[in-house]
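Each structure below is given as structure tokens.
Both of the next two complexes hold chain A, though its partner changes from chain B to chain C.
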Partner chain A sequence: MVKFDILSHELVPKFFILSKEEVEALRHSYGIRKESLPWIRRSDPVCKTIGARPGDVLKIERSSEVAGRTVVYRYVVPG
Partner chain B sequence: MAKRKIDKKKAARPAPKEKPKAKKTATKPKAERPEKIQKAVTKVAKKVAKKKSPVRAEKVKGKKKEAKAEQELKVTALDKLLEAYKEVLPDSLIAQLKEKLSKLELDEGQMKAIIEETHKAYVKALVEPGEAAGTVAAQSVGEPGTQMTLRTFHYAGVRELNVTLGLPRLIEIVDARRIPSTPTMTLRLDDEHKGSLEKAKEVVARIERIAVENVAKSIEYDMVNASFIIEIDEEIAQDKGIEVDFVAKSLEKLKIGKVDVEGNSIIITPETTAPEKIKRLRERILDLRLKGLKGIKRVLIQKEGGEYVLHTDGSNLAAVLLIKGIDPHRIYTNNVSEIADVLGIEAARAAIIKEAFQVLDQQGLDVDVRHVILVADLMTSTGRIRQIGRHGVSGEKSSVLARAAFEVTVKHLLDAASHGEEDALEGVTENVIVGQSIPLGTGIVELFMRFSKEREGA
Partner chain C sequence: MSIAEIAKSIKSIKFGLLSPDEIRKMSVVNIITADTYDEDGVPIDAGLMDRKLGTIEPGQKCQTCGNRVGQCPGHFGHIELARPVIHPGFAKTVYLMLRASCWNCGRLLLTKEEYDKYTLMMERYKRRWPQLRFKLADRIVKKATKTQECAYCGKEQFKIKFEKPTTYYEEHPEGNMKLAPNEIRSRLERLTDVDAALMGLDAALARPEWKILTVLPVPPSSVRPSITLESGVRSEDDLTHKLVDIIRINERLKENIDAGAPQLIIEDLWELLQYHVTTYFDNETSGIPPARHRSGRPLRTIAQRLKGKEGRFRSNLSGKRVDFSARTVISPDPIISINEVGVPIDIAKLLTIPERINKFNLDQMKVLIENGPDNHPGANYIIRPDGRRIDLRFPKDRRTIADSVEIGYVVERHIKDGDVVLFNRQPSLHRMSIMAHRVRVLPYKTFRLNLCVCPPYNADFDGDEMNLHVPQSEEARAEALVLMLVQEQILSPRYGGPIMGGIQDYITGAYMLTRKSTLLTREEASQLLTSAGYDGSLPPPGITKPEERWTGKQLASLFLPETFNYTLRSNVCQKCPQCKKDECENDAYVVIKNGKLIAGVIDKKSIGAGQPESVLHRLVKDYGTDKGRYYIDKAFKLFLSYIDSRGLTIGLDDEELPEEAKERVRSVVEEAEKKTAKLIEIYNQGLLERLPGRTLEETLETKIMQGLEEARERAGEVAGQYLKDSNTALLMAKTGARGSLMNLAHMVACVGQQSVRGERITRGYQNRTLPHFKPGDLGAKAHGFVYSSYKDKLNPIEFFFHAMGGREGLVDTAVRTSQSGYMQRRLINALQDIRVEYDGTVRGTDGSIIQFKYGDDGVDPAKSDHGKAVNIDKIIERVVGAGGK
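Here is the complex of A and B:
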């Protein structure tokens, strides 16, 4: 049976794994630690699909009804 | 002593809830009060347009071709101007500016003035650091909640299908129940199937759960022969595409006992004759799934805007995603935790917003989405869905006093006392209790002294 690609579902926004440099730049621009970002679990279906590992930071591009498009970040935690 | 230290550290780490809320909205400026800004845009646009009238007269004289070229030039100039604001203004505002400004006859300087004015209005409308965004959201959702009908079971678009709405549903969403009281799915069909009723029925046959009880006319227990006699309703069975032999075969798999077919009746002779076991067996036979998906109890076909849409009673997202004929990208269920399991936390966040806002909207309550968004963000911030109440967001506050102020006061105070917990007094509630100024608004500012520099200076 073909598995459905959950990333193509209309409720799922776009995900990108940030590189180390990008994470550093992000930390500096917000002045926070990675753990202060909202979290996403490693066991999350999206994390499994894109292969994100604990410690990674994901960039999420949502389409928003008030702002058109918003960018948020989530920190991958074990569990 | 050592234990206490650890406790304090623990308590200090997850910063008080109110602070990050304010920060979050501040760092996410794209979502702020567009109505205000829009007003500002139109106001300025009108002002500038008035001044412009003599130039317009000149333009009318010009040839059509020239006007067209000019128009194109203007659009590119506008694009260039807006490009500079891509980073500071949200996409939706940029799009609005583009649409409105390209209709007006303005020169570059005037366009620039309008865009600058818009930017000013936008920055003014942003939430400031220290603003009690969470409290405002709580009030904005809570007050309309008091006006909702307490018990509204009515029909959401589909006749015959009951969906919980109103306050009970809102509580369900905020409490993050694993299974809603009325789970339902909305299934859109793919291009091949959405056009015709026949094709839609084919899809229904694939998903609708049909048990023995749905096709049986009667079931009796024959005491003399110690066997069940199940009479199959031929008409219904044919309609559902099920044959008597198929039912018999499925029943054999249950391994209850010997299965015989006699015309339209199936006779099962179980090995046991104990009355209480017979009762349980009867339930098992009736509940045996012959066809369809687990959990999908009933499917209704509805025509919506030229295409057939299926509404189901019961929900099974993981299974429905793989069914042929359904557009998997647009499947929707009102079971939020199911969405979290199958599609991830971000999809669940979107679903919470959609569900909660829909409930408020249906009751005619005009609540800004951004309040609902804040609630959803908070519920999903740990990567799992947390309820707002005692077992979730409110119960995980680091401050003892804040927790005790919410629910089950004595338990929290007692536990805190027996564990020797400390309260860092960082949040709003604790400081209100203690009688200090709260860390909100101007109170959020703290002074730090740099001792090293001080010493250098001295």
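Here is the complex of A and C:
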């Protein structure tokens, strides 16, 4: 079977792994620990594809019915 | 010791299992006899009602702690079980642990490498993702379960079968072997603490073998008090009954073991003991018959005390009974404000508010005290600064008491006009189900409410009852007033629009007042405005020749702000392809310019409850809730006054059609019947063409249904042409006040197809609905088409089909309410603690982020325009100039 690049599918939003500095900035802007972000599992197909590791923070840009575009974040956990 | 001294903050809670040692340690008595009381009614020592277990009789001192009834917390006892039994609550995890461990050496079935790997992982998880460690444990158990051979002793593993609720078998080549609880327990004992940790158990608090009971705790007698009936017969609690059973069997088992009875007998008794323990915990365990009382009623054991609507959680912890509340039937009062609630005087004399006496209210309070509990406004209690309460019911001479009170005393005075109370109608499905009202003390026995608050409460007056609560503190009152007052709830968060507003006669009244033909004399206009509470001066008449006359539009304009501009299409609009706007012959195009209603009639679209983009919506949104309340209180009264002065009625004559119309309706229906017959004929000849994705039979059904539905619609239209404009039912349907044109068509023309489950009626006898028809008859009449109108009367067959369709409707509503009620409960449970923080994020109680921006756009739907942040069209219209020109 040909491996399909899920990142190019129109229903898969854009994922980015944040750098250490970006994570710090994000933590400060919300005043939280990384664990307080919503979680995503390492076994998630996108995490596997982009090589996210537990402890990483992902930035997700996606379209929203009410707000046009939205940016959300996910904390990568094992499993 | 005061509460403050012993108060400690809880950092965390950890749940564990009681070990046999702990059970023995906390026990004050080993229960060995199944008897409770002797012939004299004295509790038997070492029995289930042993006095060491705590006192339940007043005046008696507890043999353990020495306290009396209120003070003694009750004390646990215990039963030493002759043989271990499975705790039914842990039967499933015991099964998993049996499968994950070696039958021979008792170790977790992992290879050395896996074991090391998982131990390390578990350590890391505990540090970084403690919440995930149970998921890891699940994974480890799953892995171990799959292992065939023990890595420690090399023994091959057997499959284990679990039979609910508490039986386990090991599948040997020679056949299944039952695993006795003591065998299971000894296997679990051999699991190391680390093995246990890998399976998600903290061995310090929960050793695996503690899931098999060797000692049973006996709850204190205060948990299962016996009751003495009037006849002097003592009746024991269900739990006590169950414990008696357990002790009896336990003793017999012990005797048989001691006597060296055959294994078979011992096993039988052992199983019986297991049964009693299982039902003691949960008497609704599937797979075994529930234990019953002598009368045949199933016993209410531990799980039953906690579970369900009448259980401890939902009935005693989540919901409690409260003071300062009242409940009675509601009835309408169009005179009082929407912010008010009429409170019967008898209730006002029972509900109180504590008011502290100061130098400003001293004289007033003295009057209230003198009035006492039986005269409104009065007072029921006085609380002195030292905390003593004086009951005003008993003293004869209240005047001396009134004279003796000083500043600093608290008076529990009756509620009176203007007090803030909370008013509620169940089911409380949204926040508008509890709103703050101001009290209006009224005669008679019902709560009175303004009709415009019926929609948010979903109340009507066919016997509905409502609850009233009196906030007791200044903070609670302030909060209620600012956040919960009715006028603050006019705009609903359910959708961007007013949930309160005109209903039924308000809408008809507004329409009749504001239509072009309404011209009022000076006397009539003054009368109407006075009853509406208008206090300005009468505007100059709209018409001066031949006589001075005021238009209804003029009067309706008097309550609008002078800067108010708006246009909309009203409910009576015919939705013409090209709207003639101001020149609309139905006067359906509403134009309000500078607070004057220039054109158009006011109806549901302008003032109706639940109508977004209406006059009412704009008024509340742009001018504030005060103005909104003012409009509803005053203008709406004008509409009612007008309908009162004119009268509005509906009668049988309104459903009467001229003979010509009846003839036309009949021909429409007959035509449809012929068409149906034709379709059936084509079908019978096999010439019917199949619709895509349908069978031939389905195609026929669809086509027949379509034809008949069309016929009903046409009949309605035909009949509608013959209805006079003065027909009040038509008037109400067109303005949106009540009913629809379809309802009208049902009454005057034809009721149409009755359906069950969205299909024509097919059930009943074999191949036919009723014995009046030939088997296989596919015609309209035989499958629930009602030719008649309600006015004409339904024939018995039609009536029967109609009842079938009607019954389905009733069943549907009953099912829907129960289902949506359950969904509501679960949603509320899941959502009750999350909130929107000041930074716009939605967070849980631990600060975890659930949404980065509330609803992705941060819009409060209550302050939105029908869900959108802004309604650009309306803003442009307003800037450019409403209504053109």
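One rule holds in what follows: the second predicted complex is superposed on the first by the 78 of 79 C-alpha atoms of A that agree within 3 Å, B and C clash if a C-alpha of one lies under 4 Å from a C-alpha of the other, contacts with A are read in each partner's own complex, and residues count from 1 in each chain.
Just so it is clear, a contact is a pair of C-beta atoms (placed from the backbone, for glycine too) under 8 Å apart; a residue touches a chain by one contact, two chains touch by 3 or more.
On a predicted model such as this, the values are computed, not experimentally measured, just so you know.
Colleague: Now for A:Asp44: first (chain B), second (chain C), both, or neither, which partner does it touch?
Modeller: It touches chain B, and chain C stays clear.
Colleague: In the superposed arrangement, does A:Pro78 touch chain B (first), chain C (second), both or neither?
Modeller: second
Colleague: Is A:Val12 touching the first partner chain B, the second partner chain C, both, or neither of them?
Modeller: The answer is first: A:Val12 touches chain B but not chain C.
Colleague: A:Tyr30 contacts which: chain B (first), chain C (second), both, neither?
Modeller: both
Colleague: Just checking: does A:Ala67 make contact with chain B only, chain C only, both, or neither of them? Give me first, second, both or neither.
Modeller: A:Ala67 contacts both chain B and chain C.
Colleague: For chain A, what residues appear in both contact lists, the one with chain B and the one with chain C?
Modeller: 30, 36, 38, 64-67, 70, 72, 77, 79
Colleague: Per the contact definition, I'd like the list of chain C residues that touch chain A in the complex.
Modeller: Going through chain C, the ones touching chain A are 125, 128-129, 132, 135-136, 839, 841, 846-850, 852-853, 855-857, 859.
Colleague: Give the list of chain B residues in touch with chain A in this complex.
Modeller: By the definition above, chain B touches chain A via 15, 20, 27-28, 30-31, 34, 90-95, 321-322, 328-332, 339, 341-347, 350-351, 369-370, 373, 377, 380-384.
Colleague: How about chain A: which of its residues touch chain C in the complex?
Modeller: The contact residues of chain A facing chain C are 30, 32, 35-38, 54-55, 64-67, 70-73, 77-79.
Colleague: Please give the residue numbers of chain A that touch chain B in the complex, ascending.
Modeller: So the residues of chain A touching chain B come out as 1-4, 6, 8-13, 15, 30, 36, 38-41, 44-47, 60, 62, 64-70, 72, 74, 77, 79.
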